[in-house]
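Chain lettering (A, B, C and D) follows the sequence in which the chains are written, and residue indices restart at 1 in each chain.
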Amino acid sequence: MNVLASIPPPLGSVLILVLGTLVILLLTGRLSNSPTILATIGVLSLLGAALPAMGGDALTRVSVLGVVAAGLVGMLLVPSAELHNSTQRPEVAALILLGSTGAIVLATAGELLSAALGLETLSLSAAVLVALGRGARPLEAAFRYFVLAAISFAALVYGLGLLLLATGSFAWPRPGVVDPTYSYIWTIGVLLIGLGFAYKLAVFPLLWGPLDAYTAGAPGLAGFVMAASKIAAVVALARLAAGAAVPMAPILIGIGLVSIIWGTFGALAQREVRRMLAYSTVANAGLMALALGCGPEGRAAAIFFVVIYVLTILLAFAAMAGRGTGPLPFGEVRGEGLSATRALGLTLALLSLAGIPPTPGFWAKLAILDASWSALGFWPTLVAVIGGVAGVLYYLRPLPDLLALTRAHVSSAPAPAVWFAGAAVVVLGLAPGFAYAVARLAIGG
Amino acid sequence: MNNAFLPIALACAVALVSAVGVILARRPVHAVVALLAHSLCVAALFLIMAADLVALGQVLIYSGAIVVLFLFVVALLPHGGIESVVPTGRVVSAVVAGAALLAALAAGLAVGAPTAPENPAGGVEAIGRSLFGPLIVPFELTAALLLVAIIGAVAIWRRQEPEPGAKASSRAASEGSLAHTADAPGATGRQRLLDEGGPAR
Amino acid sequence: MNAESLILATSASLMALGSAGVLMRRNPISMLMSIELMLNAGNLVLVLAARIRGLVDGQSAALIVLVLAAAEAVIGLGLALALFRDRETVDVDAAAEVRG
Amino acid sequence: MVSALLSWAWLFTLPGLLLTGLGVGRPGAASLIGPVMIAVVAVAWLVGPRAPVEVVRAGWLPFLPDGSFHLRADALAAVMLAVVGIVSTCIYVYSLAYMAEETPASRRRYFMFLDVFVGSMAILVLAGNLAVLLVGWSGVGLASFLLISFWHDRPGTLAAGVQALAANAVGDAALLLALVLVPANCGDLLTLQTPGCLALPGGATLLASLLLIGAMAKSAQGPLYFWIPSAMAGPTPVSALIHAATMVAAGVYLLVRTNAVMATAPRVAAATAIIGVLTAVGGGLASTRQANLKRGLAYSTVSQLGYMFAAVGFGAPFAALFHLITHAAFKALLFLSAGVVIHARHGREDLASLGGLRRVLPGAYAAFLIGALALIGVPGLSGGFSKDLILEAAEERGVFGPLAFFGLFAGVFLTGWYIGRLFFSVFHGPRPDSEPIHAPSPLMQWSLVPLAAGALLLGYLEWPRGILSGVLGDTVAHAEVVHFPSLLGFFAGALGMAGFAIAFRRDRAAVAQPAAAVEEGGWVGAVASLTTGVSARLISAHSGRLGRYALVSVLGIALILLLGLLSSLFGISAPLPASPGVRS
């Protein structure tokens, strides 16, 4: 028992998730025909993984809970996931558990080598999860996602080497531990590591892979990939920016602003829900990157934002799950026959993403704008404000059709996932102060 | 390390030249051979830097497993995977991007590295102590990563399998794969890859 | 220039060569090999740092990165092969469906 | 009791919304609960004790300078809520008949959207600080978009809705900025002008400008007028409620509420007056060229809102609010009688296809005439009182000497002309065809009566007893004295009637070509096409080519490394020295 008690909380979660994976793998043959039992095992593993983390600090709790929420929604959608080969549900469930493991490790790692391993675990699971979607499009997208992830990961490994050269350890960078003769090597190393993390956030120069993955993967699985990646990346970047504000903060602000502009214009051109969500995620990632560069207040705002954003995006993808991997044009949201629950879920998600009060998306945006104003002043805040309010122009477009839903469609509706994510969004909308207090605590201030 | 400057320079030069070979070869087979040469040169550099175990790993894992894996896959490619002629624009953009990255790295690394101490730390025991000491967490985490790799490889391969159902044979025929659907438990991705891909050639 | 700086320069050049290779080739296998070059560059720096700092952590990390490269190669090659079978061409850019 | 109830008015539409959503009763009937309750409670408050109530729950949004949940139920809010409640009650009743031909599901959806609108409008009116104001502000924008695009199958409705969203987004952006950049504890709408709260770069001018931009977007002033004509794509009762009587007046309400800020920024006040005058004249001119009945009325709304803005700019917020109230009555009346006409003619709105309806629709004829005369400002009718007050303010506190006054005075002539043109081409002249008309139901006609009464009599709220200004007290700074009968009022009324008479002479000759559902000209079109161009260029980079993506990624990485090096070279502080090789 002593040995178990001495395991740090995040590793306890990791252990439980890997055990869950092994159980699923051992029972693969039986489980492939009973998706409900499979999802139950997965959900239990994820809930179990959340328990040990409750003993950790606030940041651990927030990040593990966020990842677990992503995993839960993904797992609840496994029975209805649109797979190329429908006997592959056990593999999918196992990969969701392992991807959650990677995300937890990335967010809570004690040193950078573990973080890199977590990142790679998450990347590889994500690429395979995307690839397993039905049709040729997911495979194509997964390959691109994989190659571009590998480039940024190679950059991260190189940065790890430079950081070791500069500081002699894999510890998270902290101001004041580097020899001035190495300061440039240290700078390059930190930047490369930051870029490796930034790929998961899908910001400007590293946006293509995630864009394709979010557009073409099976909705439930793409939602998981997106949510787990975002929360882990934001937490990791927050730690990096806390310890290495000098090269990271201005870079984060810069790529944040470019991403806001890029994502907004890109999303404005879309006439299809999936790709609109994919592009808009770039704009939102830009907001988060901007906030991450704005000191402790900004980092708290970014964590607050990412928790809300992740739950909202999970709701959106859960609502679209089960209707294929192809595009979903605005005009067809009705014709495709989303059930009433799902239409309501998608509506709520779109309202929150667009930042219509009193949905939580509005509070999250306000927090970031406030942090940006206190740290950066008028002009960057103006860009963020415009990027933020322009969201209504693309997020709300499908709404008149969506709300005009007249007939319910009978399908294997992923109602539990929609209810779960929807309830989370509603609660966050009604109690924004609580979530922000947690984020503030997590960032340590 | 400066007493070994010449071997180091030689190994670096060959590693670079073979790397150029990897990216320029139109025939993947040639690229694989160049990658092998490159990998061996890197192993030599590791050896000179007194990283014996890493050098061994480089030879065993890289040259022995990864490069051979690449070779197998190349053997499965239609027409040996020969590319059509690369358009000039692509070459130019590659040169520009590579040069830009090199310039950026060089700007930061221009201060150069300090000379290493005479007595290198190392040895298998020290590495063992490090892997089971301060680096125990990342070391154990490789287990999860390898699990992903195994499951992923199997899953990607099983993706192509026809589902047990009516259309199984027609789909298999159209996709040019074998019709057997049995999922041998414990089969690694590589084995299954060879099982199904081989006869399709 | 000392030998250490030479190795550092080599690693930077390998990084650049690898990235150039990824964006020049259209054959997924060659792309993956270029990525291997980039990972090797990272390993060189790790081992060099271990040598200069007199630490073995860099060597241990390099071993872990080797494992990691192997895992990446397996998944990458799996995806590449699946893509071949789908498309029956070695050009990754042919018939791109997901775009714009 | 009543005071406490008034502060909860924003929840009154919730029961109706739920009942309608759950499908209880005749679609929409349950929704009537909300507006009726708002009207009753607001009127009860006004005739009762009139004790203002403030609800403050601190720490609602801890990340904001002033993130408390703050509602203020005072006389100004009560007057606005009474207007909103009474007008929306009439319009709900009218809608029950007007929308009777839709499917039940569609009707439910319509009334739920209306409930969302009325609830949001109540929050907007009751807001005590900027944060709560923004909640209502965005909510009414959303409801407006949903209702404009209500007939989502008809071409152009979505584009029209998106135009409204775009204009709203400009206003939301301005208010968001104002919200984040006021210093701590400064969100309260009544204390924004205190020196501590103006201690931000740009000071009073910046804050007042942001409020002005927000108000302009909501009230379709100046260059942001473009979305109102397109908004007429929605059902006519919606045009009456949202795009004539209540929501578009929210900008004026905001400026009245915060007129103390305007008073500390004289240049912004002058800009407000100029924008108001130009919009009043421009809107009037544009209305005379419309070929569509509803669009003609829409430009009339833009023009009248211009009068209100001008009044705020002249430092006469009471005049603006008074005109807002009378305008709500007569413009809703005009729109609803236009709705009777459109309904009777099976949805035709083009002036060319209307005409000669005087005899077959006597009720609508009378109602439209009352509305038109009130709009023109005939002395003794409601519009006459309120418009005189604005003209007097312009005369006393003119901007650019007498120019602004002359502009507004000339606008009265335009008003007579355009409304006369609409009136005569709809009701007089020959019938264009002999198609039988769709007789209006009694419900539709009866719901016009209270509005007609308002259009006739609302002016006597202020004259001779000053009831309105007495009720409002100091919530609108100071009230001007209404002079009646006055020479100025007589001349203005005569000028307006002259315009009306001229329109009778040349009524049917000048009907222009039918306009497109959505206009995309001028700067809006330019911005739209620029955005489309940039978006298309940017999307074409998403080419599906892995090599290109890798190129951008690698170049981006290289650039970021260089910039990072530069920033740490010239940066804030280099990393501090420490002993190397220490494992931490």
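In this text, a residue touches a chain if its C-beta (ideal position, glycine included) is under 8 Å from a C-beta of that chain, and two chains touch if they have at least 3 such contacts.
Bear in mind that the values here come from a model prediction, so they are computed numbers and not experimental data.
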item	value
Closest chain to global C-alpha mean, per-chain Cα centroids	A
Between chain B and chain A, distance of the C-alpha-averaged centres to the nearest whole Å	28
Separation of mean Cα positions, chain C and chain A [Å, integer]	25
Whole-Å gap between the CA centroids of chain B and chain D	64
Cα-centroid distance, chain B relative to chain C, in whole angstrom	7
Residue numbers of chain B (touch at least two other chains)	90, 93-94, 97-98, 101, 104-105, 107-109, 113-114, 134-135, 138, 142, 145, 148-149, 152, 156, 159-160
Chain A residues counted as touching two or more neighbouring chains	113, 117, 120, 124, 127-128, 131, 139, 143-144, 147, 151, 155, 162, 165, 168-169, 182, 184, 187-188
Where chain C touches two or more other chains at once, by residue number	15, 18-20, 22-24, 26, 31-32, 43-44, 48, 50, 52-55, 57, 61, 64, 68, 71-72, 75, 79-80, 82, 92, 96-98, 100
Chain-level touch network, classified as line, ring, star, complete or other	complete
Of all residues in chain C, those that touch chain D in their complex	19-20, 22-24, 26, 31, 53-55, 92-93, 96-100
Residue ranges of chain C in contact with chain A within the complex	11, 15, 18-19, 22, 28, 31-32, 35, 38-39, 41-46, 48-50, 52-53, 55, 57-58, 61, 64-65, 68, 71-72, 75-76, 79-80, 82-83, 86-87, 92, 96-98, 100
In the complex with chain A, residue positions of chain D that touch it	59-65, 67, 103, 105-106, 109, 131, 134-135, 138-139, 141-142, 145-146, 149-150, 152, 157-158, 161-162, 165-166, 168-170, 172-173, 176-177, 179-181, 201-202, 531-532, 534-536, 538-539, 542, 546, 549-550, 552-557, 559-561, 563-565, 567-568, 571-584
Of all residues in chain D, those that touch chain C in their complex	539-540, 542-548, 550-551, 554, 580-581, 583
Interfacial residue positions of chain D with respect to chain B in the complex	547, 550-551, 554-555, 557-559, 561-562, 565, 583
